[in-house]
Structures are given as structure tokens and as C-alpha cells.
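There are two complexes below, and they share chain A, which is joined by chain B in the first and by chain C in the second.
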Partner chain A sequence: MFAEIFSILFQFADVFAFLVLAAAGLAIIFGMMGIINLAHGEFITCGIYVTVAGVQQGLPLPVAQALGALTAGIIGVILERTVIHRLYNRPLDSILATWGISLIVTQGMLVTLGSSWAGIGTPEGSFQVGEYTFSSYRLVLFAAAVLVMLALYLLFMRTRYGVLARATMQNPQMARALGVRTPWIYATSFGVGAALAGLCGALYAPTMTLIPTMGITFIVEAFVTVVVGGANVLIGTVPAAMVLGAIRTALNAWQGQIIGQIGMLIAVILVIRVLPEGVSGWLLRRNR
Partner chain B sequence: MQRNASKPWLGALSALAMLSATAAAAQDKITIGLLEDVSGDIALMGAPKLNGTLLAVEEINNSGGIMGRQIEIKHLDPQMDNARYQEFARRLIKRDKVDVLIGGITSASREAIRPIVNRSDVFYFYTNQYEGGVCDASMVSTGAVPEQQFSTLIPWMVEKFGKKVYIIAADYNFGQLSAVWTRDILGKLGGEVIGEEFIPLGVSQFGQTIQNIQKAKPDWIMTLNVGAAQDSFFEQAAAAKLDIPMGSSIKIMLGFEHKRFAPPALANMHAVANWFEEVDTPAATDFKKRWRAKFPDEKYINDMGYNAYVTVYMYKMLVEAAQSTAKEDLRKVIATGEACIEAPEGRICIDPKSQHTSHHMRLISVDDKHNVSVTKDFGLIEPYWLGEVGCDLTQHDPKEQYDPNNLPKK
Partner chain C sequence: MSTEPVLSVTGLHAGYGPTPILQGVELRVGRGEIVSLIGRNGVGKTTILRCLMGQLRVTAGRIRYLDRDITRLTPDARARLGIGYIPQGREVFPRLTVAENLQVGELIGGPKGRKLADMVYDYFPRLQERRGQAAGTMSGGEQQQLAIGRALIGNPSLLLLDEPSEGIQPSIAQMICAALKSIRDELGCTILFVEQNLDTIMTLSERCYVVEKGRIDAHIDAAQLADRNTVRQSLLI
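Now for the complex of A and B:
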């Protein structure tokens, strides 16, 4: 009995971690900044490939993973300064531009890096509960998801940068009038979002197939989590991931992956219909 | 402008001259329309297909072409998108007027273009191993089918590991029909499917699936997951210490998972194939040497690439025997039962009843260092199933796909 309960909790934690990590970067770029970033998957892919290359060069896995997140962040800042900063308040153009970037990156990687890379293998370690065995690394993923959310909260609520960033996103003109260097805020926020996407890729790199288009497998989960979470990513992402994770885990266990995926998407449609501002909009209105 | 208008016949005449010139040029060359996915989720399997065709065409052209005519390839990349498959098939057949159409990876893509091929008089070669059962006079299948892969693999797995089987399969026609085959063959052996899971394409997380398997405690798993995302199953199952033997009709020889994943993710995987790069007969070694000379960076010469290579030679043999490129003339050659070539795997022939190909089948096993060895050699196996259940393309052309649950009406 204990094994059954543990197994259900473990699977929930696993799905929750996937949703949170896939969505964290997008929550900032799309949720806060309003850029519909269709190249989100490619930032994830960037984190994956840098991590794997690092490990192949002999770096310890955690160092390679940090490098993966950092590289994605730096590329994010450069991209914001060159392309994205022209596209604020132009949502349709930003879709087109980021989609174009995504296509160029995946095809460019296919041509230069080849159609697949050899994997690096999940770090050793497993444990047994009842008749089930689990990979310990999945617990690392869950812990990382919790830490990322905690760090985001502290960054945006407890630091000077966080205050300036929130002010800029809410009212850029006023922030500028008060002396905030808003272009810098935009660039760093985009960079943080990209770095989080890179971190997601870096964390999942040992557990997955390595092909140039693999970022796409994160995209649906990332977007639905952010949309369900609503505009306030600090309040919205965690409950959104919990709701979607619970629905998906239950349906996966009951009827398999197809029903799990269908159920999750139906839940998204229902939430948007009932709570157009997402979970965070609903929470904020209740507290007012 | 005025001068041209005053002499309209001149323009017409030169246009006519150009037309006949292109007609003559078309006569000179044999055009192969090629549809292979070299980008997208399955590019890693599709790229060797394109290379196999290129290698065969280069070899044939260098040794005088087909009946003295050079071969030209018109390759389009449908990117695993079935709508693009249909658009490109129409373009190759109607606009480019290709002599023959080759290609397609997934069964979904094959079924998408088969109706288009059927409305034309172009012959179509499908070069992949697949779930079998297509009885269509316009199509030749050069890959392996279930009676060659499952009827060999499943009895061996049952004898070696046991009768309780868990199936994980991609949720589209290939996965569903291959599961039907597994259930059918297993039933006749007194085995049973104790769990079955169909996975949507693109799913990459398998935590729940792994636990379902651990709970069911099968003797072995039939893995029919498709696409790079679903291949993540192997890594995640190994990390969770899911230590259960696996069988498959598509792993190792197509997507070279044993090269892409760190050992021991694919340990204890068993598959039956007509080709895999580790085959080391003299003919196979010679073939691999030629391939590596032209494509030194190839990660793995997979079964699809091999079949694509062999298919061009198959076509050459048919055209030269028929002294024609017309579909009906080629089919007359197939009807004789003598449509055979010496392939790197050995001598293989097209079966007149089903227009499928006989193959030399071998059972391969992967050890925990990811070395591949031949565990059992089944020899040459005919594609007999369609003929047995009543498909005879020399008599009728139903253009249908059959499976054990959907047999031809007698």
C-alpha cells in the first residue's frame, strides 16, 4: 500500500517537475514580458547540447549543466538586443520572428551538428520501494523545480533588480521617467528567461534522445502551464503545474499516456474558459 | 515585341523545337522521384535513406546507367508531414513526370500517398520494413514484413524468456497494427499480452509507463515506440533499473539506439532484421566499404538506408528485364517470379502475389556494453502471409491493407 502511494506521489512530482522546468523560462518571457517566444524549445535544446558537449569534454555533469544554462542566457541577451527589442507590443511580429529563429536554429544544427548525438547516460543511482524501482535522478529534477521557483520568487520579490523589473513590465514609461534603464531590464529579463530554458534542457539532457528538434517536446507543456498560470508568473506557475500535473498523473495511471495527454489539454481549455486570467488572476482577485 | 508579333509562327516554331528537345532529354534520362525525410524528428533515420539512394545511383551511372540511360534523382524532403507528402507526390508525378516514385518512412506517410500513386500510372517502391499487409499492384515493398520479423522473433522470445508480454507502441497505424500482429502470434503460442500501452508521437517522459511495466511483471517487453522523443524510454527505463528483456521489429537496425544511448540502456534488446551494420559477410563488408568511402561521416548504415540502396538495383533489374519503364511491363517481370537480385544480404526476390520481397533474416542481440551479435540465423524468408490469406496481385488489385483482424474476403 505504501509503495502504491509513494509511486503515485513520485509520478506526480515527476510530471510537476517537467511542467515547472519546461515553463519557468517561458513564464518570464511570455508571462511577464509578453513575447510569444516560439524559439523557447531552441533555448532548451541549447542547454541540452552545451551540457552534453561539456560532459564529453570531461567536465563534471553539474558544471556542464551550469554552463548550458549560462550559454542559453547569454544567447538570450544577445538575441534580445539584436531582434526581440524591436518587437515589444508587436505580438504577431514576435511570433513570426521567434518562429523563424527556431527554424533557422533547428535546421542549422541539423546541417552543422548532424541528425543525432550520442547520449551521456543518466547519473547512476536508483532506489526501491516495494515492487517498484526508481531513478534517483528524478528526485534531483523535482528538487531543481522547487528551487527554481523559490529562486524566481526571491529574485523578483526580494531584490532591487526584481522591483525594477516588475515596475518596467507594469509601466515602462513611468519606470523610464523615474530613471530606470528599461532596455537593460528587458535584456536581462529575457536573458534570465532564456537561461531558465537552458537549465531545463541541461537538467533533462542525460535522460533523453539528442536530436536538433528535441526542444519541441517541451513546448506544449511549457505554453499550457504558462497560459493556465496566467499573467503573474510568481503566483501562477506553481499552482498551474500542480493542477495540470495532478490531472495528468491520475489519467496516465488510470488509462495510459494518450488519455493523460488529452485530459491535460481538456483541463487547459476548461481553465481558460472559466478563469480567462489564469490561476494567478483568480488568486489575485480573490485576495483583493 | 513588334517583330515577334508580326511573325507569330516563329515563336510557335521555336517553342515546338524546345518542347521536342526537352522530350528527347527526358528520353535520355530515367528520373527517380524520391520522398525522404531528411529533416524533422526522424531525420536521423531518413538521412541514410537518401544516402543509400545516392550511392546506388552513382554506382549505376558510373557503370553505364540503366539500359544505357543515366538516372536522375529528384529528391524532395517532406519533413515527416503527411500533407507535404501528398503535395510532393503530386508534384513529382504530374509536373516532373518521374518514371518511378520511391520513398516514405512512416506507414502514415505511405498511406497518405498511396491513393495518389493509384490514380497515376507510376510505380511506387516503399523501402521500409513495416507492419505488412498492403495488397496493391501499384506498390512494391522492399523492406521486411511481420512474417519475416515477428514470426521469427516472437517464438524465440517466448521460448527464451516466457509467455507474458507487455507491449509499448506508438499510437498510429504502424504501432497499432504491429500490436495486432504481436497479439495474434503470441496467442497461437499460448502466450498472453498482460499489458499494452499506446504512446502519442512526441511524448518523451515515461515515468508512469515504467511503473506500469514493473507492476505487471512481464517476462519481456515488445518495444514498438517510434521517433526520437519516444526513444527516451530506453534511457529512463534503464535509469529506473527496469531490467526486463526487450524485443522489437524496429530498434537497433533503424535508429541505431545502441549507438545513441550510453550503455546499458539497450542491453538485452533482441530484434530480427534483414540488415544492420554489424553484418560481416564478404558482400556486406564490401558494401559498407563503398558506403563509407562516399559518406565517411555516416553514424550508422541502417536498414532503411540499405533497403533504399537495394531498391534502386531492384528497379534497374526490373527495367532491364522488361526493356521498358512502364508499370505494366515491370509487373510482367515480377509475375514470372524471377525478379531477383544479388544484394549484400544475399539473393532476394519479389514475390509475384504480394509484390513484397524475400529477405535473409537474422536475430540480433545487444549486450550490456552495446555490442551487437547474431544470435540466430533464420536464412531466407519469403513474404508469404499476404499470399496465404488470399492476396494475389496477378489476379486482382484490391489496393487494401490487411492485418490478422482484417483479412481479404474470400
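Now for the complex of A and C:
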């Protein structure tokens, strides 16, 4: 009995980690900065490819993963300074531009890197509970998801940069009139979001076969988690991932992966219908 | 007026899109003065402040602050030079707490900021009581105190205020006027403010510029300010 319960909890933790890691970067870029970034998946892809290339060049996995996140972050800063900074408060244009970037990147990768790369394989290591065997690396992913959200909370709630970033997102003109270098805040925040997307790719790199369009695997989950989380991403993302994770785990166990995915998307529609401000809006209203 | 101007504006032109609003504004504010810009709605008072803060592009003319031409500087650069801005409607950061709002202003103050935080709480004890409260949930008067505190904590040489008494009950507006006078006396801050409320103009100003059709139309000195009717007439031009 304990083994069955543990197995369900393990699967929940796996889905939760996937949702949180996929959404963390977008929580900043879309949730806080308001950029509908359809190229989010490509930052994840960047993290995956850099990690795999690093390991193939002989780097230890954690170093290659850090390099994957860092590369995505640097590309994010460059992209913000060249393209994205012109698109604040222009949601339709931002959709078009980031979709264009996404197409250029995926098609460019198909042409230059080919249609698929061999994966590097999941790090070995497993443990047994009852008759079930579990991958230890999945626990690493869960721990990483918890640590990423904790780090994000501390970054935005407890540091000077965090206060300035939240002020800038709420009223950039006023923040600037108080001496805040708002272009720097925007570029850094976009870079942090891109780096977190790269980290997500880097962490999942060992579990996947590489194809240039793999970013799409993450992008739906990323968007629905941020939307269900609502306006305050620091409060909303974790409960949103818990709710969606629980629904998906239950449906996966009952009817399989496809029903799990469909059920989760139906749940998203229902949550948005009942709680238009998302989970964080509801939580904040309750505490008022 | 002091011989050393903190702020001098010459031939200032600006507008929104193709519509010209300011058409050759000239003014000077001396160190430690409290000067108001008065006039009817829509004559360009707020536009002058927005140009001084760098939020609106100047099409012609010069703005000098502490002997430096700041006409082309960005708003953040002006703030870091010591210009504090309290806009119309306060524009506090609504989802940040009172303490966090002050922390944003503290950015410019640097090491002095810490001491200034205590001083802000002395001027406005209400802010101390509400340190942990989200700024957007406070009353208009409290938000105005926060907006002034937020600018003050940056240790400014010049404070620009846009209608400090707008939408605030008279007793609180008088308290804010008294605090602004103390701030000037104790910190040597220069204050330029836009106002339409006669009581606030009479209480706070040491002299006034009357704005009309995007220009400075008249000047009211300290002696003329004693006459309530002169000031009232200026608001009705």
C-alpha cells in the first residue's frame, strides 16, 4: 500500500517539477513583464542543446547544465536589447515578433544541426520502494523545481534588485523618475527569465532525444501554469502547478497520458472561468 | 530670490505629438525657495513639470539645474542628480509595501538614505505605522505622504510636486504643507509645485508664476501673495 501511495506521490512530484521548471522563466517574462513570448520554447531548446553539446565535449553534466542556463540567459539579454525592448505594451506585436524568432531558430537549427541529435542518457541511479523502481534523477528535478521557486521568491521579495524590478513592472515611468535605470532592469529580468528557461532545458536534457522543435513540448505547460497562477507569479506559480499536477497525475493513472493532457487543459479553462485573476488573485482577495 | 538659481528655464517649447503646449516658458527658482506654478486647467502647468523631469521631450529651449544643462538627460539621470518628483495622482507603486516604496526612492540617496528613512518617518508618522501595508490600499492623503517621503528619501536638492493637495481632505493638506516647509527649512530643499487650490497656494508659496497658454503670463511676489484676491484672479485668467 505504501509503495502505491509513494508511486502516486512520485508521479505527482514529476509532473509538478515539469510544470514549475517549464513555467519559471515565463512567469517572469510573461507574468511580470507582460511579454507574450512565443520563443520561450527556444530558450529551453537552447539549454538542452548546449548541455548535450557540453557533455559530448567532455564537461561534467552539472557544469554543462550551468553553461546551458547561462547561454540562454545571455541570448535573452541580447534579444531584449535588440528586439524585445521595442515591444513593451504592444502585445500583438510581441506575439508576432517572438513567433518569428521561434520559427527562425527552429528552422535554422534544422538546417544547421539536422533533424535530431542523440541524447546523452539519464544519469544512472535508482531506488526501490516495494516492488517499484524509481529514477533518482527525477527526485533531482523535483528538488530543482522547489529550489528554483524558492530562489525566485527570495530574488524578487528580499533583494534590492527585486524591489526595483517589481516597481519597474508596476510603473516604469515613475520608477525611472526615481532614478531607477529601467532599461537595465528590463534587460536583466528578461535575461533571468531566459536563463531559467535554459535551466529547464538543461535539467531535462538527459531525459530526451533532441529535435529542434522540442521547445513546443514545454511551451503549452509553461503558459497554462503561468495563466492559472495569475498576476502575482511569485504567489501563483506553485499552487497552479500543484493543482494542475494533481489533476494530470490522477488522470494519467486512470486513463493514460493523452487523457491526462486533455483533462489538464479542460481544467485550465474551468479555472480561468471561475477564477479570472488566477490562483494568486484568489489567494490575495481571500487574505484582504 | 537667492542670486544662485537652482533651476533656470529659458525659451521652453514642448507638446504632445504635433500639438504644441509650451511656447517659450521662462522661469528661475533660487536655492531654498518655495515657488508655485498656478493657472487654469489645461494651460500647461503639468507639462512644464514633465519637461523638467524629462518625461516629455523638449522641442526648443534650455533647462539648467545647478549650473548644468539637463535638457537632454533621461529622467533617471535627472533623479540621480537630485531632482525629486511627486506626480499628479501620487503614482505610488500599489502592490509594493510602504517600506518597499521608500526603498525604491532610497536608491538615489545612497548611504545617506538610511538616516533619511528615519527622518521621513518623523515627518510622516503614519507611514511608520503602515510600513508593511500595500501602498495601493492606503487613502489619498497617506499615498501623498508616501510619494513625498519616497522623493525625499533620495536626498533631493529640488522637489517638483504636481498638485499636492488634489483629492486630499483640507486638514491633511495643511499638515503636508507644514511638513514641506519644515523639509525646506531643515534640508535646504528647493520646492517648485503646481497647484490650483487657493489655500495651499497661499500657505505654501513664497512667490508664484502664473501660467497661461503655455507661457509664463505673470509673476506674483511675496507682497502680492498676501492679497487673496490677487491670487484668486490669477486662477481665473
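Convention: the second predicted complex is superposed on the first by the 288 of 288 C-alpha atoms of A that agree within 3 Å, B and C clash if a C-alpha of one lies under 4 Å from a C-alpha of the other, contacts with A are read in each partner's own complex, and residues count from 1 in each chain.
Heads up, the rule we're going with is that a residue touches a chain if its C-beta (ideal position, glycine included) is under 8 Å from a C-beta of that chain, and two chains touch if they have at least 3 such contacts.
No experiment lies behind these values; they were computed from the predicted model shown.
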Which of chain B and chain C A:56 touches, first, second, both or neither: neither
Touching partner for A:159 - first (chain B), second (chain C), both, neither: neither
Contacts of A:177 with chain B and chain C, given as first, second, both or neither: second
Partner chain in contact with A:167 - chain B first, chain C second, else both or neither: second
Partner, of chain C and chain B, that touches more residues belonging to chain A: B
Partner chain(s) touched by A:15 [first = chain B, second = chain C, both, neither]: first
On chain A, the residue positions that both chain B and chain C contact, one per complex: none
In the complex, chain C residues that touch chain A: 53-55, 74-76, 79-80, 85, 87, 91, 93-96, 100-101, 103-105, 107-108, 137, 150-151, 154
Residue numbers on chain A that touch chain B, as the complex places them: 7, 10-11, 14-15, 18, 106-107, 110, 114-122, 126, 131-135, 137-138, 206-214, 216-217, 249, 252-253, 256-258, 260-261
Residues of chain A defined as touching chain C within the complex: 160, 163-164, 166-167, 170-171, 173-182, 232, 288
Of chain B, residues touching chain A in the complex: 39-41, 43-44, 47, 171, 197-200, 202-205, 207-209, 211-212, 214-215, 217, 228-229, 231-232, 235-236, 238-242, 259-263, 265, 297, 299
